[in-house]
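Here come two complexes built around chain A, the first alongside chain B, the second alongside chain C.
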Partner chain A sequence: MSTSSVNPSLAHQRRERRLVLLLLAPALAVVGGLLIVPLCWLAWQSVRQDGGFTLAHYARFLTDDVYWMTFLQTFRMAFIVTAAALILGYPVAYVAAGASRRWSLFILAMVVLPFWTSVLVRAYAWLILLQRRGLVNTALTELGLVDAPLTLVNNEFGTIVATVHILLPFMVLPLYATMQKIPPELTMAGSSLGGTPLHVFLRVFLPLSMPGVVAGMVLVFVLTLGFYITPELLGGGRTYMVSMLVSRNIEVYNEWGAASSISVVLLACVFFIFRLASFVIPFERIMGAR
Partner chain B sequence: MRVTLSIPAIMAALLLPAAAASAEQITFVSQGGAYQEAQTKAILDPVAKLLGITIHQDSSPDAWPVLKTQTATGKPIWDVIDTPTKDCIRGGEQGMIEKLDFSRLPNAAEIPAEYKTEYSVPYEFYSSVLAFNTKKYGENGPKSWADFWDVEKFPGTRALRSHPMATLEAALLADGVPADKLYPLDVDRAFKKLEQLKPHVTVWWTSGAQSAQLLADGEIDMEMAWNGRVTAVIKEGAPIGYTFNQGFLQETSLCILKGAPNLDTSYKFLNAAISADIQANFPAYIDYGPGNPAAYKTGKIAPERAAQMPSSPDNAARQILISVGWWSSPAGEEAQKRWASFIQK
Partner chain C sequence: MASTILLRTFVGLVLLWLIIPIVIIVPMSFSGARFLAFPPPSWSLRWYEAYLASPAWMQATRVSLIVAVSSAVIATVMGTAAAYALNLASSRLVRSLQLVLMLPLVVPIVITAVGVFLVYANVGLLATMTGLILANVMLGLPYVITSVLVGLRKFDPAQEMVSRSLGMNRLRTFFIVTLPQIRPSVITGLLFAFISALDETVVALFISGGQYQTLTKRMFTALRDEIDPTIAAISTLLTAVSFLVVMLVALNARGERGRA
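What follows is the complex of A and B.
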């Protein structure tokens, strides 16, 4: 009797586990077939040459200064874009989190709206705005604010402007999610204890919003590292990102091994950044699960 | 890999034994888009009719990686490819492209020797020309690469292709190297001269569409661009002029895959496709010049149209033929690798 009373529940558990696996199977197959397998193939290719094992593709990271400079420039871009997105995004999220329900919905809609336009279209839109005979320069020259058109695009500046614009929602949304959960009573308590608004913000609100700050920064930083089409179209051929190095290695030099090794190193960088960030905030929270 | 295997090509491969019995056929591969459509009307359909063969088409913007995988199996599906001559040469050296038996290509006899290689025959010519904004410079636009480098006499924004081929040649011409003494290129000297101009280059373009857009929007006052792209912009009404003077003549070539399933028909196709009469159809459909200069003697190409063609004898004489041989040599490969670090610094 005693065994039969234990067994059914065990069997039930096992059945449940099998059911969960069955439900997960399609997703696992997609992840395995379309992500894990190609990634393994990529890693495999990066250590192969003429049918043998080689580390030549990785040695180039130490010997070829183009590799260094490209990674350096890419990280520099990512830092600038992240900082700009934070400076622009924090006040927006702050206002949205403090506003009435209707207003915060409106603000968030404004933030997310450009999300539904293609990245390519937005890159060309910036080109039209910023180029020598574009709207901005025409307005500036006609108002007499500048004598000669400013170089606003086909350089790093134009690339940064467009990248920040594209990635801003990735900063605002996690910030908003965090700020919204900060109980207003805490700031009220701060004020009632005699803190000035600035003091309360710095000592109460800002520290509590840090998880959102970190999540937004990590997302924007990592996404900038992989940007391709925006710097390609707006960088004037001089803003050379890692993704472009990968593409040139395949298109111009037919070096699949070299291209793979660069991808693997970039992927490792991204993992490393997520690992670092996870000391501050759990991974699921960065991705916005909670 | 960016490959579009057309259904007819796959069908052809699957049905090969059955189909081969009924009629002669080949699978021809080019780069797709408007370019392949134009040559279907200009070259492929007329040749198919002339020889009574079926030409299956396939397209791949970059045939090289596919070429590698197809020949690796020893049983390629493709027969003839239209690709940059460089691919034919290195493909030949790596045993992926058939060494041509010119006795089976009598029509190749009228093509100048410098246009042919042991693995390829020229198919069509394009040119990297100096284009400029006529509103900015009026009638006295830049006419040579020395002018292009002269930022005092010709102030304005400039663009070059982010690729060393033709760009290094332009730098050397600007530095005073005579056109007939360009090759082998003095790479150090070329990069030094480019270094001078670099601060004045606004854009290093990476796609033909981008080069056209820069001209059309007035973003760039002068640039090196492919003649077909430049004439397209002019047709749209942009105030752009260009010169074939010191332009760089480049060609795509036809070559046959090693182990091609239809070798005999491929030879017949090649011979017909490069004949002066068939080649003379090109200018009616696209701004690329015939690979066989004898086409200009057939009377099919009006003189004013010939004047727009990169390979017409008058224009060819003012241009420099890019040495594909030098660019596929180790020195050429090295110069290509050096480009990335030049752009970065």
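What follows is the complex of A and C.
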């Protein structure tokens, strides 16, 4: 191109752009080859059968009870886990944001440490704690609170406890990030104008913390939708989640069409939720708040 | 005031609930008994011995460590290059590419696992070391990119300009001027990528096998069958590694603040 020699700034821009793409290429190749391509492949497979186009794999969502009931149970689980995480996580983030520097560091360390401990290890720990002769049942029996050991694991309860435990940091960290930025002068102004602490909290602090609430809820909800390890290990076959439906269809039945259509629907749900949330808080901030 | 005390008690209980399950594994792993009673009826190192004496567990540990270290290093190199490029450009296209690179965190892990399985089955990478490393590079990239971008935002690009106007080329400028200043965030990214690869379970369940099974895959399979106390010993070791990495990240962050 002769223009590039005439216009040095244009040539410079072009060089810059080439450099940017060159530096991005390896990372994009890995994510493209191992994630984007297979996702498109799954979408393609979900509408194919015996070499032709079909909607049979999606029709199963209407005809086969197992499909929509599994989705229903998964969403139910996601709602329960998200609500529990919010109830437990909001006060933790609130106290951490208002505490002295040393205390808030301590609280955050207590939240981050489990965050970076293996999910498998934590699922195992809950298996030990909640089993028939586990620590919780022993304590309850010795205190005389129950006559016979309770069934705490291999059911939905055990799965919920362990899932909330694993996902709580995803709630607390975005909440804390948002609350920390709320200027204390605002709540002070509210009190000096005669608001009771509860009133000030409800009218000033709570609305300002909403972006964190949304970010935390979205992360926990979406992660629960795709959770695999805890329902598999602690669900005892009674908690059947979408992720298990996908893996069973491949490992046991070798049904790729079915597994693909379930994956596409689950992925659509996840993207839809992120899209909805992005009206309140930009996607980058949801992910960045981790 | 009563409400403050109530609130703090509640938060204290939540924190205890967060920490206890992780701490409880440690005494369990030193139990002398075959069954998992608490407190253990006697103390011993037999489960650590069982772990160290088992060729299968040792092989799985070796695989996991090699995968975690090499995928963390590769993800750090690729991710740092990508973050540098993302920081350089601000066009719409590049911003959407950034979203693409964050996808491994967004897509439910089971779907990622199925997708990777599908690709590997067709190119013959199932149950190979290369396959495991590549998959974990992909999963580690978002951590490195996020962390390095934070570091680059704090870095003053005028310094690169000065260095280049003094005749140093771009590559040398990066290694001599830029990299030393963003090093803490690169190291944080590396550590997060390492721990994410070491703990990764679901993708490994689908794609690892035979001689190349990861530690987490073996643990998962063992857990489905019975609650063997050997797992408690391995869990304690894994938790110790996580603890160490979190400490390193904290020290690293403190060093970064000290310099600023």
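The working rule: the second predicted complex is superposed on the first by the 282 of 290 C-alpha atoms of A that agree within 3 Å, B and C clash if a C-alpha of one lies under 4 Å from a C-alpha of the other, contacts with A are read in each partner's own complex, and residues count from 1 in each chain.
Convention: a residue touches a chain if its C-beta (ideal position, glycine included) is under 8 Å from a C-beta of that chain, and two chains touch if they have at least 3 such contacts.
These figures come from a predicted structure and were not determined experimentally.
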First (chain B), second (chain C), both or neither touched by A:233: both
First, second, both or neither for A:154, with chain B first and chain C second: first
Larger contact residue set on chain A - chain B or chain C: C
Contacts of A:92 with chain B and chain C, given as first, second, both or neither: second
Partner chain in contact with A:49 - chain B first, chain C second, else both or neither: neither
First, second, both or neither for A:69, with chain B first and chain C second: first
First, second, both or neither for A:104, with chain B first and chain C second: neither
Chain B versus chain C as contact partner of A:191, first or second or both or neither: neither
First (chain B), second (chain C), both or neither touched by A:131: both
Contacts on chain A seen with chain B and repeated with chain C across the two complexes: 131, 133, 232-233
Residues on chain C engaged by chain A in the complex (per definition of touch): 3, 7-8, 10-11, 14-15, 17-22, 24-25, 28, 35-38, 78-79, 81-82, 84-86, 88-89, 94, 97, 99-119, 134-135, 137-138, 141-142, 145-146, 170, 195, 198-199, 201-202, 206, 216, 219-220, 223-224, 227, 231-232, 235, 238-239, 242-243, 245-246, 250
Partner chain A, residues of chain B touching it in the complex: 62, 64-65, 157, 162-163, 202-206, 210, 217-219, 336-337, 340-341, 343-345
Complex interface listing, chain A residues touching chain C: 16-17, 19-24, 26-28, 30-39, 41-42, 88-89, 91-92, 94-95, 107, 109-114, 116-129, 131, 133-135, 138, 165, 168, 197, 222, 225-226, 228-229, 232-233, 243, 246-247, 250, 259, 263, 266-267, 270-271, 274, 283, 287-288, 290
Contact footprint of chain B on chain A as seen in their complex: 64-66, 69-70, 73, 131-133, 151, 154, 232-233, 236-238, 240, 245, 248, 251-254
